[in-house]
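The same subunit A turns up in both complexes below, where it pairs with subunit B and then with subunit C.
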Partner chain A sequence: MANLIDSGAYRSQVKRRNARTLIMQRLSLATLAVSIIVLALLLLNVVNQAFGLVAQRYTVDPDTLAERPLAELSPPELAAVLLEHVPRRLLVIVRDNLYRGDPAAFTRLTLGESIDGDVPETVHGLLPTDLPEAERNRIFAELLGLNVSEDVLRAIIDAEIVKTEIDKGWSLHESLLNRAAIEVDMLTNYPDSELVFKSWLDVRFVTSQLSSRPVETGIRQAILGTAWLLALTVLISFPLGVGAALYLEEYASDNWFNRIIETNIRNLAGVPSIIYGMLGLTVFVRTFEGVTGGRSIVSGALTLSLLILPIIIISAREALRAVPSSLREASYGLGATRWQTLSRQLLPSALPGILTGAILGLSRAIGETAPLFGIAATFINTDPTGPGSRFTVLPMQIYAWTGQPDELFRFNASAAIIVLMALLLAMNSAAIYLRNRAVNQRV
Partner chain B sequence: MQSAAIEIRDAEFFYGSTRAVVVPGLEIAKNRITAFIGPSGCGKSTVLRAINRMNDLVPGARVTGEIRFNGHDLYGPDIDPVEVRRRIGMVFQKPNPFPKSIYDNVAYGPRLLGIRDKARLDTIVESSLRDAALWDEVKNDLKKSGTRFRAGSSSGCASPAPSLSSQRSS
Partner chain C sequence: MQRSRSYELPGAPSLAVFEVEDGPDLSRRFRPGEALIRAVLMACGIVSIFTTVGIVLVLAGNTVAFFQARAWVLARQPVAASEPLAQLTTAIEDHTISLPFVYLADGSQFNNQQYLLVGSEIMRITKRGTSTIEVTRGMKGTQPAAYPAGTAITPMTEDLAKAAEALPSDDTSLRVSTGFGHLFTPGEEIEVDAEIMRVSAVEGDTLTVERGVQGTVVNNHTAGANIAIPDPVTFGEFISNTLWQPQSGEFGILPLITATLLISGVALAVAIPLGLGAAVYLSEYARPGVRNALKPTLEVLAGIPTVVYGFFALTFVTPTLRNLLFGASLNSLNMLAAGITVGVLITPLISSMCEDAISAVPRSLREASYAVGATRLETTVKVVLPAAVSGISAGIILAMSRAVGETMVVLLAAGAGPNFTFDLRQSAETMAGHIARISTGDISYGSLDYTSIFAVGMTLFVSTLALNIVSDLISRRLRERY
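Here is the complex of A and B:
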């Protein structure tokens, strides 16, 4: 024994074997490192564009509007600023912020009917057109002070009076490392502007509506559109997908017809998404316009459901197949019918796997732009109110912004990408939590 | 001799086109314990599983000939396999409990038959576990996971099947 271990042949053989193992280990470590670096670069690039210095100027300096800084004013005082500076815009401001109906009908309704919020008794029955203009504007300012929050009023003042303009933006990287060059650029090209640090991603960006001005624009419609679209997509694709998987896995016999269906489902999972987009446009938007309402959330959800159905079906089938056959046999052996075995053993056991597949499908759906081409709008400034609404989604908006000639939209796009990734992360974490809970309940 | 509970005549058991076992004739008496003995892979399980139609679940498995239970042909045209399995119980070689509590495992069989009454289920669960000599061991853990206990085998006991074809490791 000792001789064998001491022999040169044995040692060199072990050495070679260990060296090979080490090489494979190093190689796989290297691939891991590369993928982490690429991911980190991607994240850095997005963050780099979402924060940074900007050259900013105002049409009216906000400090001259009132005796105290705007941040300290109460809603009625902010409304008074609006009344003083832009009295003629008050009707539009009230209509956009305190009224939910058809814009054309606003002046034909009494204030009590049209305003969504508190209205003083004395003006309840008045039509906006009944009053002399000065009196009407005073009432509008009062309504704004009563019903609109300080944050929204400050945003309105910014859009209507201050009119912040951004001449140029710099990336975070440049802002941190190249400040001197930026200041020189400021002095020569933008002497009237002031250099401030701007986070393109902030509460205002998430909550305000889309606008054609990069300074003002927000992504509320895109977030709401994404939420509506995903909710409807889940409602349509989950029951359809799980039902189809159940049939194929548990009921269908192994004949040529079912084998063709199965092969086709696997192939459909690989079809480029733009083809689903064309299909959705032709079928749901054009042919069934009467049912879906044309370019509506329903059409978008149906299209995305088609896109992720194969993913859900395939993963649900894998999950059902992975249920140990001993469970099936034990259940059948006790005299359970097929449906009893399905509903009491197979589905609960397969649920975590089915959920994982559904989440994978949804994660794909949330980021898709191509299938929604021609169904989603890009610039839209009304919130989606129901399944029949026109809508836009985050990836669509990001795509539209990156194609704009105004470079500032690129900062908006990066901020929107961060929001999209945060949504995706939140969704996936919720799903993992749900799945773990399902697993823990079982065993 | 008293009439047999189960009679098998000229039966051939196939998996696909492979003939796995041939049983020219076999009678299993009522109220007796009958054991099949043979080397691994000789077809003991195949015959056993055919008796409560568990082989129906295996794609390609089929039986020719006659298997009678109390005179009825188990593979007759008007026989429902679920009904067969409710009357002929089976205890598996390996305990395979469901991923549920001990109580739910034992109550699975009675619940399949539509028993919902809590008091009645309690009685059945207790008496089944007592019959399997497990009651004292698990009575305080009925709501805990059944997978770690041997309770899997007692879920068969709670099935009100009149005859038990029992499969044991050799």
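Here is the complex of A and C:
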């Protein structure tokens, strides 16, 4: 035996076998490394297209509009710039920014009735059509200066006078490493444009309206729509999910009916999200159109709630199961009823776990696009005002822009992805914080 | 009279049985508040059943409506052009489907799906090349035969059957374009400008019709009005036709299914090695510190919205594949990039399920293996993986179900139209992608196009459900074993 172990053949065999183990270890590490690299590529690819050089030109150079740079002007001065350059557009600008109602009725109302904001006493009772044009435009400019913020006025000036056009955009990668080639391209193809570095993601992008022009579009409606949808989805799915979990964990006896509910929830978790979309489209949008208002936020929230219910139920059940049974027994031992035990002992101690699951479910919901096809709009330029309004959401805009033939929209899509991912990161950090707090408390 | 009774506390271990003196039985007292709460919570649980019932009813109801509906397709037949367009360069047998040809004049070209007349046989192009075309032989009741080199190939255009002369509302005799009479059979219904008629007799090109059946209004029709014949959607056609063209009444789900399977296949080919490798590394080789540092990466991958993966596939994977491997032969929308990206998307699912399965293998098995002198690799490959195989396969099947139902990546990266092809470089549309594209469009509710997506949805639902159930059964077997 000793001879066998000492023999060269045995040693070399062991060596070979150990070498194979090492190879296997490295291979399996490599597969993990591939996943990490792909994740890095995915994130870099988004950042790569959210910033970069653009070939930009103006119809009117913004520096020639006033004596000082536009960024330093006050609202009345900005309104004066509009009065000077585009007097005929003022009626439309005032109507779009200071009036909420039927556009056709605007000129039939007095300024006091129609304008949403401060109106000087002297013009309160005037009808826009009664005044001579010069006088009317002066009053409109005054109203704009009084009621509209500098940022919005600058955006209006950009859209109405400056009219920034972007001929071509380059990715960050090209902008940094290939500047010479870009300059040659500029000289040959876009001699009238100037080369500037543009961050597609900026405050203006987050706060301004959706538009069909990639250079001036924002994601305001999409962010508001996502917020509304999220709020309603929480209100619907959280009570239902926790209720179902409490029933299954604490009340349900082991009979055929409850087993069906359990199996059913497991199976629902595996149904493709697009099927939920068909359900929502048929039931909430069409059959109950009178209640939900058709393609409204309520319909979207109901659909998403059904989608994430299984996630919330399954994680809430796990959280309830993790509560030590001594707590239950102590409560029952003191003569508490079942609901008293649940509401005062079980729920508070399981709450961090339940919330973690709910947040994870919600972060699934805000990233979902497929179930909202046919329910959310792809383009809309009015803010959602209530549960019954039409809406769009961030992932829907990302999808719509990614599929656009105009490649400039890709830059918008990237910027919107960064906003969406930041939102998700915030939600997941909250979930991790809650999970850690729960773990610490239990110890 | 003292009597004692034993009580069992709800939720307490059975040991906690104690005896009390007889008194009011508190546990059996009717508490309306408690009963109400129980009922409300139970209702919450039942919502999930309603969801399933809703899904099944919506899908099944519309699917039944789809199979009962009939599409009206314009009656048409191929008519040969006056001049041949090309000729055969070599002789062909009666079973040759790939015809070598040369155009007779520069600049001429065949169309896709076009009918051709060769000798007296009608063929239809399935794939068009520059020097060969692939065809279906012996169409429209003609017999395949062998032809010598130089035989002329005449393209055919599909002519529509039209009313040859005006049809006043009191006339029951409809004359159709010359040579089209054989398209109609007595007893069948036809549609002319929204009026449905029943054909009672056919004589040459003259049809005797019963006007305004099915409650439609009898109208005057002008000469040249198009005549449509019913094309009911049968289940047989649905599962065997390789063409999905709602506008011409072709509803074959095969192109959607092949694209779904191909993309899922590519996805699994990417995800199984990546996911299994990561699971093996994390559970067998990594030290706890490394493990805690690396595992969140996979969780982050799992949390990224699918639309972002779609963006990645379209703006990174496809251009990269083009630059590195395929060049221009890769369509800008293609199944390969979509499949690879879906593979990355399902990797976290596979790795987490595989890791669970591997860590469920008892320690004693590994220790026994080490004790008889096996190395780590041998223990992993010959002991741990076989013992965990049911959990691993359950994970893989679940991931496949996820890949089959994945929508956004395939919608953005794979294509915007059904395409029956096995070439991964081509664009094609999966079941989920097709449903998504049609539901965003402006197709009116109740139309055949619209109900058709429910038949596709039913197929998708049933196949993912079957995969989920199989996965569930397998993983349950695992739980029973240890």
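In this text, the second predicted complex is superposed on the first by the 393 of 443 C-alpha atoms of A that agree within 3 Å, B and C clash if a C-alpha of one lies under 4 Å from a C-alpha of the other, contacts with A are read in each partner's own complex, and residues count from 1 in each chain.
The rule is short, and it goes like this: contacts are C-beta pairs under 8 Å (C-beta built on N, C-alpha and C of every residue); 3 or more make two chains touch, one makes a residue touch a chain.
No experiment lies behind these values; they were computed from the predicted model shown.
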item: Subunit B versus subunit C as contact partner of A:Ile265, first or second or both or neither; value: second
item: Subunit B versus subunit C as contact partner of A:Ser28, first or second or both or neither; value: second
item: Partner chain(s) touched by A:Leu229 [first = subunit B, second = subunit C, both, neither]; value: neither
item: Contacts of A:Gln345 with subunit B and subunit C, given as first, second, both or neither; value: first
item: Subunit B versus subunit C as contact partner of A:Thr337, first or second or both or neither; value: both
item: Which of subunit B and subunit C A:Gly277 touches, first, second, both or neither; value: second
item: Partner chain in contact with A:Arg328 - subunit B first, subunit C second, else both or neither; value: both
item: Partner chain in contact with A:Asp254 - subunit B first, subunit C second, else both or neither; value: first
item: Between subunit B and subunit C, more extensive residue contact with subunit A; value: C
item: Contact residues common to both interfaces of subunit A (with subunit B and with subunit C); value: 328-329, 332-333, 335, 337
item: Touching residues on subunit A, where the partner in the complex is subunit C; value: 17-18, 20-21, 23-25, 27-32, 34-36, 38-39, 41-42, 45-46, 49, 239-244, 246-248, 250-252, 258, 260-261, 264-268, 270-279, 281-283, 286, 306, 309-310, 313, 325, 328-329, 332-333, 335, 337-339, 363, 366-370, 373-374, 378, 395, 398-399, 402-403, 410, 413-414, 417, 420-421, 424, 428
item: Subunit A to subunit B touching residues, read off their complex; value: 254, 324, 326-337, 340, 344-345, 349, 442-443
item: Complex contact set, residues of subunit C against subunit A; value: 9-12, 16, 26, 31, 33-34, 37-38, 40-49, 51-52, 54-55, 58-59, 62, 273-278, 280-282, 284-285, 294, 297-298, 300-301, 303-312, 314-316, 344, 347-348, 351, 375-378, 380-381, 398, 401-402, 404-408, 411-412, 432, 435-436, 439-440, 445, 453-454, 457, 460-461, 464-465, 467-469, 472
item: Parts of subunit B lying in touch with subunit A, wherever the complex brings them together; value: 52, 54, 57, 59, 82-83, 85-87, 89-90, 92, 94, 96-100, 108-109, 112-113, 145, 147, 152, 155-156, 159, 161
